[in-house]
Structures are given as structure tokens and as C-alpha cells.
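Can you keep this structure in mind? I'll have questions shortly.
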Amino acid sequence: MSARTTAWRETAADFAGSRGALAAAITFAIVVAAAVFAPWLSPQNPYDLAQLDILDSKLPPGSPSSAGFTFLLGSDEQGRDMWSAMLHGLRISLGVGVASTALALTLGTAAGLAAAWRGGWVDALLMRVVDLQLSFPAILVALVLLAVLGQGIDKVVVALVTVQWAYYARTVRASALVEVQRGYIEAARCLALPGLRIVLRHLLPNCLPPLMVVATVQVAHAIALEATLSFLGLGMPATSPSLGLLIANGHAHLLSGKYWISVYPGIALLVTLVAINLAGDRLRDVLDPRGTP
Amino acid sequence: MSRSTPEAAIDPRPLLEIDGLRTWFATRAGTLRAVDGVDLSIGRGEVVGLVGESGSGKSVTGYSIMGLVEPPGHPAGGSIRFDGQELVGMEARALRALRGRRIAMVFQDPMLTLNPVLRIDTQMVEAIRAHEPIAGSRAFERCVEALEAVGIAAARQRLAAYPHELSGGMRQRIAIAIALLNNPELLIADEPTTALDVTLQGQILALVQSLVRRRGTALLWITHDLSVVAGLADRVCVMYAGRIVESGPVDAVLDSPLHPYTRGLIASVPTAAGAGRRLPQLRGHAPTPMELPPGCAFRPRCDRATPECARMPELLPASGSDRQVRCHHPLPAGAPAP
Amino acid sequence: MTGVLLRRLLQSVLVLFAMSLLVFVGVYAIGNPVDILVNPNADQQDIARAIAELGLDRPLHEQYLRFLAGALSGDLGRSFATGAPAMELILERMPATLELACVSMLIAVVLGIPLGLLAGLRPKSRAARAIMAGSIVGFSLPTFWVGLMLIMVFSVWLGWLPPTGRGDTVPLLGIEVSFLTPDGLAHLALPAINLALFNLALLVRLVRAGTREALAQDYVRYARAKGLPESRVIGVHVLKNIMVPVVTVAGLELGSVIAFAVVTETLFAWPGMGKLLIDSINQLDRPVIVAYVLLVVLMFVLINLAVDLVYSLLDPRVRRGGARA
């Protein structure tokens, strides 16, 4: 156990060796904190219509609101404070992204482990499905699913899980197949340990490093995809606007020069995605020494 | 061709003179002195064997002559004169005009030296046309002749093939044919037989030998295998840790080595006479060029070492003008090889 | 060669078959097909007639065969919104999407290869670092967000380029195209750049990695040893080796460009089939959605097939054996 702890510590030290990656990780931590503490950081509950004043509609950043506070980032057409809306939108975007990634991770890992452990027709069938699905772009699969299923937070999560699970399944299967050949799995089999126990206690931990890399990148993908779907009007319902929907709301006002309604949620999205991707890039370099430097 | 054996016999100046050549590699862990003061000369039409263990800097010496050392490697001093021209610091264009025309090189692994996505004819014709403005059809005919000269049957068919369709031995023959296409004055062969089957090794060796002798091409044969040099070279240079430690006529050096390292190398070659005996081995490991001891680099492995060896010995003439050795305590001349 | 071709063809047909089954199950078995295929504004009588007409009272396998037969003959029902055959609507919009996709792929390839080469040849230079930083940003940003910024900068602030529409078109071989008129070109610029950015970033990374790998190979050093000019070493020996993955990826990405055109077309009001899909989804015009999905799947399969063939032309090692899985 201590060996593993040291290994993790070394990985962390390696990771922090790159200043850019460290900055990305810190930025991401701030983004997460902003999302978690959104209700305490916002001067207004952007979903409480009673707090909105139509006279405050589309004010530029820095204008005073009728309630007394300042619209740091301006207000939208309903007189909603963009700063508050952005923080709450970030909360929803991150929540949906992380939740769908966690679900897809669990599902995909189970499928990948089953394919590698069982082999034979289970493996063949699962991998054909994975191949088939990965041959179509995620956005297309998600669009078609939402077209069939309809709108709603649960449907968005279903769509995101559907487009993601195959990546995990493929990654886990690849590393599990290598591990299955190793001596320690053979030894565990000889001890006649129950299959499930071998898979979970011995196989799974050794498949984690590549899985972590994929998961980091996929969180960013999920957030971006959800934003895109919401922007197209097919994602989150208007009652729980994520960053994508906020940006879409401002789209119409962009041409009249009221840039702040779209731009600030957009910047929040951008900072989040770049931070995750930079950290993911570094993580891949650290965990996979064969990768390009 | 104007360059031929008779002329070589007339001109007494060496074709290639290397003095104090240094090629270093700047790595994160420090400077790796792969080649650290090599002195070497090759006469016209002469065959020289450059022998050393892996990591001794013999391949880097070859690449340095060609100007093909890649970063982080860089020239750190010394001079290479080819036919009187200084190559170190030469303008890139002039050096390129020399490469492949007057100095050619054959690499170690024939599976890697030919471009996998280009046909053989493309890779041969371009080698001619890089140096002469000549019609493609005439260049092609020269390629056919060149392939026939290295003993490849059905040359025209082979020219239309891709490298992966040919065997390793065939590919090395082609690489040799390409190197000799422009009738160079110097051929550098970097262990061209190491990656081949034993039976092929002999064939390739004999082929190169007959080709260079017939054309009067000077040959620098880089190898870790002393026994290869024995039947091939006029002269042999033994390299250790980036420096030449001994050089001389091949028979003299093999019969009575002056440097303890050379003796160790000879002793570790299996011979028919010594069958059944345990082969003597050199003590310890070849040092990595990063952590060389001061003074003679062979000192930690040498049974003749004294405190004096902490000072670097010079490469000095010994036992007649045609032999040189870099050792404070050379073996007595005339002492039999082990 | 023909053996490989036949096997690939068979695989393609199987994929098409599987996808038609999936779409059928999605439309007929999961949802209520009456809701999906019959105009929601129809009255009871109409619905009853439609059920009989569509054969929805028949057993499922029989319905599938009918669906398959219809799909094969190009008959996928009529649009609820316009009453026109769904397939016809899609095909009408297809040239606009294909033009956008091809131009954006062209931009990605024409810029991506030289930039990737530059980054690969001089990995430590400032230009290379800037290119690689740009490619990470290009990867991270969602297409719609970049498109918005393009509109804001080039249409709203600078006023250089129009933000929406397709502009003037002229017929080329019977197909209306934008890129041959100045006005059409101006309209095409922003959406094409928007759609190109992701693949540009992808190709830059791919070419850079390929260049660095090729430069370390013996055959490049050997090409230099032959005294070839550097232009030929890079332009022929390195580039031809990189072209194999580049063509593969560029070809496969053409499919995803068509898919992502959905976003760009919606953003720039580009009258292609992607915008039609979003409009249809918003209007619950299911027959058009089904037609779009089947057509795009067909295009994907054809693209994959074409990429395989070009791949084998470029890489002689694959051409004869075809043994590499």
C-alpha cells in the first residue's frame, strides 16, 4: 500500500513540475469552488423571478441595479445579473459534466473489464458495439438521441453517458488485456479467488492510470458537448440554464452590440475547458512515459 | 571516371585526416562526450577498420565525417580534412554536394535505411540526380548497372519494388549499391553486417571488399567485431571511450597488440584453436561517456594501471613509425597476442 | 486487393444494415410510431388511415421489411411541415453542407500540414510553441463558441464579413455553389473557418508528431547521407510518410465535419442539411430526422470505405498483403 502511495505522490510531484499544468489545476480548482459556492457568491438568485426587474434589462457591465447592487458583468434581457447567472450556469454545466462522466466511467469500466475477463463472444460483441459507436461523431449520436427522447436534464445525461461509455470500455479493455497476461493475475486464479474479487481488487487498480487520463479529457468533452446541445436548444431546459443556454440567449443580442450576455458565460466555459485540457495533457505525459513530450 | 586506383597510388597525401575531433551531446544530465579527441587518417584506396565496443563513439565518428550528427549532438572542436578541404564548419550546401557523391555511407540496419513508402528506383535515381543534372532514363540505367554490380538478379524488377517486398540481405545490397552509385572516394560502412544472418554477413563483407578494391574506393569499416577487420582492412584503429587508443597495420596490431585494451579485445574473440576453453573477458563494464575517470579511461579495467595513469596519455608513435598507442605502459612490442 | 475490397464492402453493408435496424427500433419500437410518423395535428380518422397506410397494425418484422424496402427506394415518408418527401428535402440541402464541409477540410489541410511541419521541424522555436498552444486552445473550444466570437469580431466590430446566409450562388455542374461568387465567398468565409478550426488543431498535432517521428528514423538520415537537398528530404521522404495518417484522419474527419456542420450551420444560418435537422427537431418533423440520420450514416460508411482505399494506395505495405488489421 505504501508503494502505491509513493507512486501517487511521485505522479503528483511530476505533474506539478510543469508550471502551466499547475496553473491549469489551480484554475480548475477555483472554477469548481466558484460553482460550488455560487449561491453565496451571487448577489441575486437568477432563477427567482421575483428578484428580477424588467427595467434592469440588458444593462452593460458596471451598471447599478434597482435592487442596489452592481451588475458586474451586465444583465440579460430579463434583467438578470449575468455574474449570478454565470456562476449558477457553471454549477449546472460542471454538475452535468461530472455526473455523466462518472456514470459513463462506471458503465464503460464494467463493460471493458467484462470484455477482457470473459473474452470470447462477450468481448467480440461488446467491442463491435464500441467500434460501431465510435465510428460516429459524439454530437451526431447525442443529437439523434435527444431528438428521439426529448428534452430534460435526465435525457441530456443519458445522451452524454451514451456517447462516452465506449471510450472507457475500450481503454479499460486494452489495459486489462495486458494485465490479464501478467503473473499476479495467474497467481490469483490459482488461488481460486472468486472472479469478481480478482477483477475488482487486482485488475481494476492496475487499469486506473490510463483511465484517469481519458476521464479528465472526457469531462471537458462532456461539458463542451452539453454546452453545444444547450446552445442548439436541445439540451438543458430554460428553467435550469447551463452556460451553453446562457450563451445561446445572448446570441440574438450579439449583433446589436450587447456582447456581455454571451461573452462572459462563454469566457467561463472557455477557462474551464482549457484548464481541464491542459491538466489532462500533462497528466497523460506523466502517466504515459511513451507519449510525445 | 577520373578517380581510380593508379591515381591513388601516385598521390601520397591522405584522403581523410581527422585531428582532435570532438563531438559532444548536450543532454539534461550533462555533456556526453561521445567523441573526445579522435585522430585518424585514411589514405586513398585504403581500407581502415574502426573497432570499439558499443558506446565507444565509433558510429558518432562516422556521422561526424558525414556532417550528419543531429541535435543535441554538436561539433565541439577538432578538424576533418577531406582531400585538403576542411569539413568542420563547412557551408551546408558545399557539404551536401560532397555527401553521397565523394563520401558515402552505409548504415547498420537495412530494414530501417530505405524509406518504406518509396519505390527502390525513386530512392536510387534521386541519389544520382541530387548531384548531376542527368535525364531520368539515363539515371535509371545506371541504377540497373549498380544493382547488377552488387549481385542482384532481375535488377529491373527489383527497382519497381518497395523495400518491404525485399529481404534484409537484398536491402543491404541495395543500400551499398546506392552508396556506390556516384563512385565516391570514401565509403563509410557503419556495421553493415551486424543486423544480418551470419551466412549473409560473409557475403556482404566479401562484396564490399571486392567492390572497393576494384574501384580504389577508400573504406572506413566501423565494427565491434575484430575478426571482421582481420581479413578486410589494411589498417585498424581501436577506439575506447571516445578516443583512439591504438592504430596500426592490421596484422601487426592483431599479432602483437600494444594497448592492454586491444589485447583484451583480441583475447575475447572465440577461435577454433581455443575451443573448449573458457573465453577470457574484459574486467568490468565499458564506462559511460558521462562518467569517465580522469586520465586514461581504461584505467579501472586495466591490470597494468599505475598512479601515473591518472594523467591522460598521448597517442604516440610506437614500435615503428606506422603504429601508434595511447598508453603509459604499453605491452612490449613483439609480445605474442594471447 | 480485390479480396480486401470485397471484405470491406461486406462490412459496410453490415454496418448499414445494423444502423437501419437501430433507427427502426428507435422510431417504431421505443417510441409510439404514431406520434413519430404521423402529423401531430391530424384527427382520429387521419390517424387510423395513416396506421393502415404505414402498416403499423402489422407484426414488427413485417414493418421492418417495409421500412427497409422504403429506405432502399429512397422513400422515407413526407415531411409534416412541408408535405414534401423527406429525402428530397435533405438532398436539396446537401450541396450547401458538402460545400461547407469540403472548403473547411481544405482550409484545415492547407494550413495544418505546413504549420505541423514547422512545429515538428523546429520543436523548440517560438513559432512552434505558439502553434502548439494554439492547437490546444483549438481543441478545447466548442465550435459554437468560436463561431460566436468570429461573428462578434468580423461581423459586428469590424463589419468585414456577413454573419449569416449563403450569399449569391452560381451553378457548377448543375449544383449551386457559393465559392465562385465574391458575395458567396464572403458568406462562406466565417462558417468555413469556424468548422475548420478543430481539424486544423488536430492535423497540426498529427503532422507534428509524424514529423518528429520520421525525423528520428534512419531512412531520413540515409536520405541526407545521399546528399539530397533538405527540401527533398522533408518534401518527399518525411512528407510521404506523414501523408498516410494525414489522409486517413482527414478523410475520417470529413464525416465528423458533416456532423459538426449542424452547429456551424445553425449559428451562421447556413442553409444546409444540418440546419434542416435542427429545424426539424424543433418542429418534431420526424420523417426528416429519420431521413437525415440514414443518409448521414450512408455517407459515413462510404467515406470510411473511400479512406480505406486511399490508405492502401498510399501505404505500399498494406496494398499487397492487406494483412494489417
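Every chain is named by a letter (A, B and C) in the order it is written, and numbering of its residues begins at 1.
The definition used in the following text is that a residue touches a chain if its C-beta (ideal position, glycine included) is under 8 Å from a C-beta of that chain, and two chains touch if they have at least 3 such contacts.
These numbers come from a predicted model, not from an experiment.
J.: If I average the C-alpha coordinates per chain and also across every protein chain shown, which chain's average lies closest to the global one?
T.: C
J.: Please identify which chain has its centre, taken as the mean of its CA atoms, farthest from the centre of subunit C.
T.: Chain centre farthest from subunit C's centre: B.
J.: Return the distance between the CA-based centres of subunit A and subunit C, expressed in whole Å.
T.: Those two chain centres are 24 Å apart.
J.: Counting only Cα atoms for the centres, state how far subunit B is from subunit C in Å.
T.: Whole-Å distance between the two chain centres: 54.
J.: Roughly how many whole angstrom separate the Cα centroids of subunit A and subunit B?
T.: 57
J.: With touch defined as at the start, can you tell me which subunit C residues reach subunit A in the complex?
T.: Touching subunit A: residues 15, 18, 26-27, 30-31, 136-137, 139-145, 148-149, 151-152, 155-156, 163, 209, 212, 255-256, 259-260, 262-263, 266-267, 277-278, 281-282, 289, 293, 296-297, 300, 304 of subunit C.
J.: Can you name the residues of subunit C that touch subunit B in the complex?
T.: 217-219, 221-230, 232, 236-237, 240-241, 244, 314-317, 320
J.: Of all residues in subunit B, which touch subunit C in the complex?
T.: It is residues 63, 66, 68, 70, 96-101, 104-105, 107, 109, 112-119, 123, 126-127, 130-131, 162, 164-165, 175, 178-179 of subunit B that touch subunit C.
J.: Note which residues of subunit A are touching subunit C in the complex, please.
T.: Within the complex, subunit A touches subunit C at residues 132, 135-137, 139-140, 143-144, 146-148, 220, 224-225, 227-228, 231-234, 244, 247, 251, 254-255, 257, 259, 262-263, 266, 269-270, 273-274, 276-278, 281, 292.
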